[in-house]
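Take this structure first; my questions come after.
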Amino acid sequence: MHTKIIWPLTALAAILLFNLFFVPGFFHMEIKDGHLFGSLIDILNRAAPIMVIAIGMTLVIAKEGIDISVGSVLAIAGAVAISLIGVVPLWMAIGAALIVGALCGLWNGVLIAYLGIQPMVGTLILMTVGRGIAQLITEGKVLTTDSKSYGFIGKGFFLGLPFSIFIAAFVFLLVLYLKKRTALGLFLEATGTNKVSSEYAGVEPRKIYLFVYIVCGLCAAIAGLLVSSNISSADANNAGLWIELDAILAVVIGGTSMRGGRFFLAGTVIGALFIQSLTTTIYSMGVPPERIMVVKAIVVIIVSLMQSDRFRQMFQQKSKKAVIG
Amino acid sequence: GSNNGGSGGASSSPANTGTNTESAAPASSPAADKKIVLGFSQIGAESGWRDAETQSIKDTFGNDPQFELKFSDAQQKQENQIKAIRTFISQKVDAIALAPVVESGWETVLEEAKAANIPVFLLDRTVKVSDESLYTSFIGSDFILEGQNAAKTMIDQLGADKQVNIVELQGTVGASAANDRQKGFQEIVDANPNYKIIKSQSGDFTRAKGKEVMEAFLKSDGKNIQAVYAHNDDMALGAIQAIEEYGLKPGTDIFVVSVDGIKAAFEAIRDGKLNVTVECNPLLGPQLKQAILDYQAGQTLEKWIKSDEDVYFGQKAIDALPNRLY
Amino acid sequence: MKLERMRLGLRINQNNIIIFSTLLLILLLYGAGSVLYTGFFSWQVFFNLFIDNAYLIIVATGLAFVIITGGIDLSVASVVAFISVVSASLLQQGMNAYAVMAICLIIGILFGAAQGYLIQRFDLHPWIVTLAGMFLARGASYFITTQSIVIENPTYLSISKYKIHLVGSNFISVSVIIALVVVALAVYAAKYTEFGRAVFAVGGSEKSSVLMGLPVPRITVLVYTISGFCSALGGIVFTFYMLSGYNLHLMGMEMDAIAACVIGGILLTGGFGYLVGPLLGVICSGIIQTIVMFQGTLSSWWTKIAVGFLLFLFILLQRVIVIRRQRRRVINHGSTMTPPQLQPLTNAEYSKL
Amino acid sequence: MRSGDVLLKMEEVSKTFPGVKALSDVNFTLRQGEVHALMGENGAGKSTLIKVLTGVHPMDQGKVYLNGRPIVARSPLEAQHLGISTVYQEINLCTNLSVAENLYIGRLPRRRGAIDWKKMHADSEQLLRRLNLNLDVKKSLSDYSVAIQQMVAIARAVDMSSGVLILDEPTSSLDAQEVQQLFAVMRKLRDEGMGIVFVTHFLDQVYEITDRITILRNGSLVGEYETSKLSKSSLVTHMIGREWKEEDEHRKTESSYTPEVVMAAKSLTRAGSIKPVSLSVRKGEVVGLAGLLGSGRSEFANLIFGIDQADSGVMTLGAEQFQSMNPKKAIRQGIGFCPEDRKIAGIVGELTIRENIVLALQAKKGIFNYIPLKKQQEIAQRFIDLLRIKTPSMEQRIDNLSGGNQQKVILARWLATEPKLLILDEPTRGIDVGSKGEIRRLILDLAKSGLSILIISSELQEMIECADRIVVLRDRMQVGEISGGDMNEASIMKMIAEGGGTSEQYPQTGS
């Protein structure tokens, strides 16, 4: 079971190694104003939103679903939080954003679990409408806030480390707890693999689906808080655009199959870190912007080939033959 | 070409009966009780700047009893804009305003508009067509000029003989605003051997991306950076945050120049974090209205009606701040 | 008991229901638009649905084959954009228009086949491979140019501007004919060729298809090749439509294509659907957009909300119709002792495609 | 070539799966014009042998000769081209396609390049008639039951075969008539000179149809025998590798039920599916449900367990009454249900044996009342030992188990919930003789300890041996009940055929 995680780890190690040689000062870390400071810390910090969303997405994918509305939900949550700051106490603004995220998840869940709409299409609706709602809330403008305490979520430091890392870690541990210490993991993997059998065994797939989409919505909302607090503003138009693709990529690189079933939370986290390291590397390497897409495409293919059993078998056979011949 | 409301199958549709007055020359002034219908195809609402433009048009035409505005939002898709124009044509509007999402690909549909005798006004971006008569006028600014102004002002402010390393935050790769703002800027910078663009990366016109890219630049080049040029204010504002978090003073340690002139940029100048913003005026409503009225009155219009724009920095920006609408 | 059987026999089969409900709802929407907005109910507005969406119809139809095998192709939109850039830049260099079209189609075929090969040979998930394909095609067009290139080639211009007049002065474009031909071919291939049925078999169960002795690897590669080909053809048609090549064209169009397939009754899980479905799906979303445009006063965000809401309404109604008609599937037990009556009424399943 | 000549020869075939040596140096010879049984316990490697032969799995080592020429089939398609056609153990058809397409896909009839649907439908009907099946071939296969699907798979293979026909447990879900029908076809093909490999766990069938028997045990060859010269008991002895005595055949000796009613269903009805059925089960009682294929036995079980909702009628469990039911509720009320279609409704393929076993128990306890891993392992180990599930480890994925062992895991899943009433729909389908006896013993032991059991089995003999009482269904209607000494195959078949007995009690409605 744990062999699955080797490949994303290898990929991550490879990209860090690459940086060691080609990006001077990449591993340099210093303590400034009592907090750690360096590219690695930046990557952790930057990866936090993708990580959180990808964790939610892992659950959804484990049940053989998909949620492409996370980017919009992220935008809504950010918009809600920032538009409420100053109007109501901070905790209420944050709470409202989380509740809205959960409601978005609930909506997706109902469409998919109870109306039987296919996940991609069901969440496509919220993807479209959601951004509209986010714009409605901000009236198309970029809302800003100067609340220092709100800014703490996304760019504050705690024990010398960015606070966002703690949030991501908290989400990870919470979901890990649900997976390992409750039957959620078992039920989710069961329904994701064979819905009918699970139903016969007394699992209620619909409730599981609903729960999973709510968690995913919540995760998107948390990511929305992280993103909007990091720049102290809510940009309804661009926040979280295409993040669903990165999140899905992280999940798959992490070893969870899009065909549902087994899921690997730690793998997802590593996948997210890998994607962010790649992005940051590309930025610091000075790769011309128009090349980024191609680089990303090639790296994605290489990583997934490495994960493919059949690909590795090909090499093993080749080397076997070479030895014999 | 045939005019669209003609004979044949069209008569079978109820919508086409009666009320078809403007198949004649468009210059004939409309009946006193008849409103001038304007179809406006907007790109979307991808930035505060664009929203200000939309608002300006809506305010100008929505509050004027002489006009009726049909607004269509294309959500960043050219196909949607083409569809919108087709729809306007079939609704027989009196004029079409178009803020084209890209420069190319308008030939066919503009010909259809021309065949239907509907004047087309381009807003804020122009189009590439083989036949200039396909549109009536272009109202908007010159992105290349904006890039040039940004570079010139920066060199003025920093001194031509100072060694300056610049990092550039580009707009969305391929967007004409990004292409031209880069081009104009590069032209001026290349003419001065002391000024060098050391890194250039796309920040997608957004604050979050602008900040992220700037962070990476600072990590790899750090103290080597003397100036930032951002293709829009949002990215500049993101970059400012990154610089602050890196422990430097934006505006002092690193010179920041950007384009657009949104209100937040003026505030940043006031706070000393942003040095220069080159205005790109979105408030095109009044100019468009005048153009339409002139056209209806049979006057010939200039092909490029330039919008009123300026470069803001220092005290000038602070003075202008209270009057900024967007 | 007899009565029961009769009623059940008369039931429209599940696949048909979705197609019927889609048609019904399209009529409803179209009717609503006609009542609400002057100028809506005209031939040209109707034809425009096809003119404006010809490329999408082609792309979605190609994609449908992939979806029916249970796969997905996210690269379609980027390939269309890439093809537009390639053709524009080749035409700019003065290449013959037909040679350019041929090159584009070959690119599409190779691209699709490569994706299919990776998916099949290494058992990679189509999402990932085609997502990389999407990045690659977009990125590759940046290598050619980041600018938009206008096409001035006379052949392209004349094809683009050629109007085929139907019912009076109303017209359709050449692209519409191409799109309809593609749909017709797809419908034929799906129903009347061994390959078409094998595509459905693979979608039903890949494992069983292998065990039944179907050449599953070949079929998999082939469907992605078809999708690549249709994307390239869609790219050419789109180039006629736009007369320009630009790498930012059609961002996110893959979702429109997928949605069109699903609205047209093709299950994303594979194995079910009719090849006219994508056409209907495209027309449906076209009408929704036309309604929103005729409405003409919505602000940007309300436009998004309205489009999404209408989409939701459509899908919801479709589900309701399907669920109501579906009820529980009858398990028909034929046995040697009690042979069930043959039920001639279910011809509908195959005569309807 | 004449009948008796060697048609297919496999030499020294080995195959290893991670953790399992599924085949080691197995030899197998098939002659022309014979039906050759491949026998062995669950997990002995029968299906694996067939799969390596037909190219589903590559073989690690070994040679295959067809008509004396060495062959290598790398895929089922290649095997087909070589004239080997196969019905695999898990029915492998595409249920989304029509019956006719399933019969002909890969070789659809064509006219002027296009598929000739008319011809295909006509051909299919004719083909199915050979197996005495009368189906609407245009309907999608999913509209038909497992048994029908099995027959369709057989029809396809029979029609395609030229030389070698392999049938891996084709009769597991067929009833007696259908089996006879199949045998008739097999005999005809054999007489035409074909070689047929036949896998089954029904000994009677082996003696009825086969000419020769090859026995595998633990992936190794035990030997090849002529059927007529091998006694039943020595066959079983060879299979299980130890002496097999008649005592292993467990029979009900005394009834142990108490008057306390555990479950009482009153006029449960579901439109279009089943007419009113009333049935009560007492504590410690074993009740059998008999009937032909499609008589509504499974439908009734589904109603009790809440897979389907009854339109009318009530169910009493203990002191409580229920109008509607769902699986979770049923499990909490102490019902367990081992469904008949293992692949679709039983196993959860990607999960391990341990997880499959604890799944229902966990559902019973609820999502937050997590069973600690230690406990899970204990439970799993207990049932692996109890049911003798053959696996290298409890962390093995269940879909890597042999068919019969999968069935045992599902059984274990329900036993783990410690139910009051256990519904077993075809519990011994695909299970080898040895284990069958054990399962029967288990049922009896459980009943003795107070568990009530509702058993559905197509093997009447099996039901007669365990049940205290048998309820007979026909045409989705309850037609009667037999108990005690009256229970024998003849009386049950008579009741099924005549629908007699207590029919006044359940007046026939409709036609």
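The first chain written gets the first letter, and so on, giving A, B, C and D; residue counts start at 1 in each chain.
In the analysis below, contacts are C-beta pairs under 8 Å (C-beta built on N, C-alpha and C of every residue); 3 or more make two chains touch, one makes a residue touch a chain.
Bear in mind the structure is a predicted one, so any value in this text is a computation, not a measurement.
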Using the contact definition given at the top, which chains are in touch with both chain B and chain D?
A, C
Starting from the Cα centroid of chain B, hunt down the chain whose centroid lies farthest away.
D
Looking only at C-beta pairs that count as contacts, which pair of chains has more of them, A-B or A-C?
A-C
In whole angstrom, the CA-centroid distance of chain A from chain C equals 30
Mean-CA-position distance for chain D and chain C (Å):
42
Where chain A and chain D are represented by their mean Cα positions, the distance between them in whole Å:
44
Could you say which residues in chain C touch two or more other chains, in rising order?
142, 146, 299-301, 303-304
What residues in chain D touch two or more of the other chains?
none
Find every residue in chain B that makes contact with two or more other chains and list them.
44-45, 51, 54, 173-174
Per the touch rule above, enumerate the chain pairs that touch, sorted by label.
A-B, A-C, A-D, B-C, C-D
Spell out the residues on chain C that touch chain A in their complex, using ranges where they run on.
118, 121-125, 127-129, 131-136, 138-140, 142-143, 146, 255, 258-259, 262-263, 267-269, 299-305, 307-309, 311-312, 315-316, 319, 323
Sort out for me which residues of chain A touch chain B in the complex.
23-26, 32-33, 38-39, 42, 46, 135, 139-142, 144, 155, 227, 230-233, 235, 237-239, 279-280, 283-286, 288-290, 292
Contacting residues of chain A [partner chain C, same complex]
68, 115-122, 124-136, 140, 245, 248-249, 252, 257-259, 290-298, 300-301, 304-305, 308-311
Quick one: in the complex, what on chain A touches chain D?
181-184, 186-187, 189-190, 193-194, 196-204, 261-262
Per the touch rule, the chain B residues reaching chain C in their complex are 2, 4, 6-16, 39, 42, 44-45, 51, 54, 69-73, 75-80, 82-84, 86-87, 90-92, 102-105, 107-108, 111, 128-130, 172-176, 179
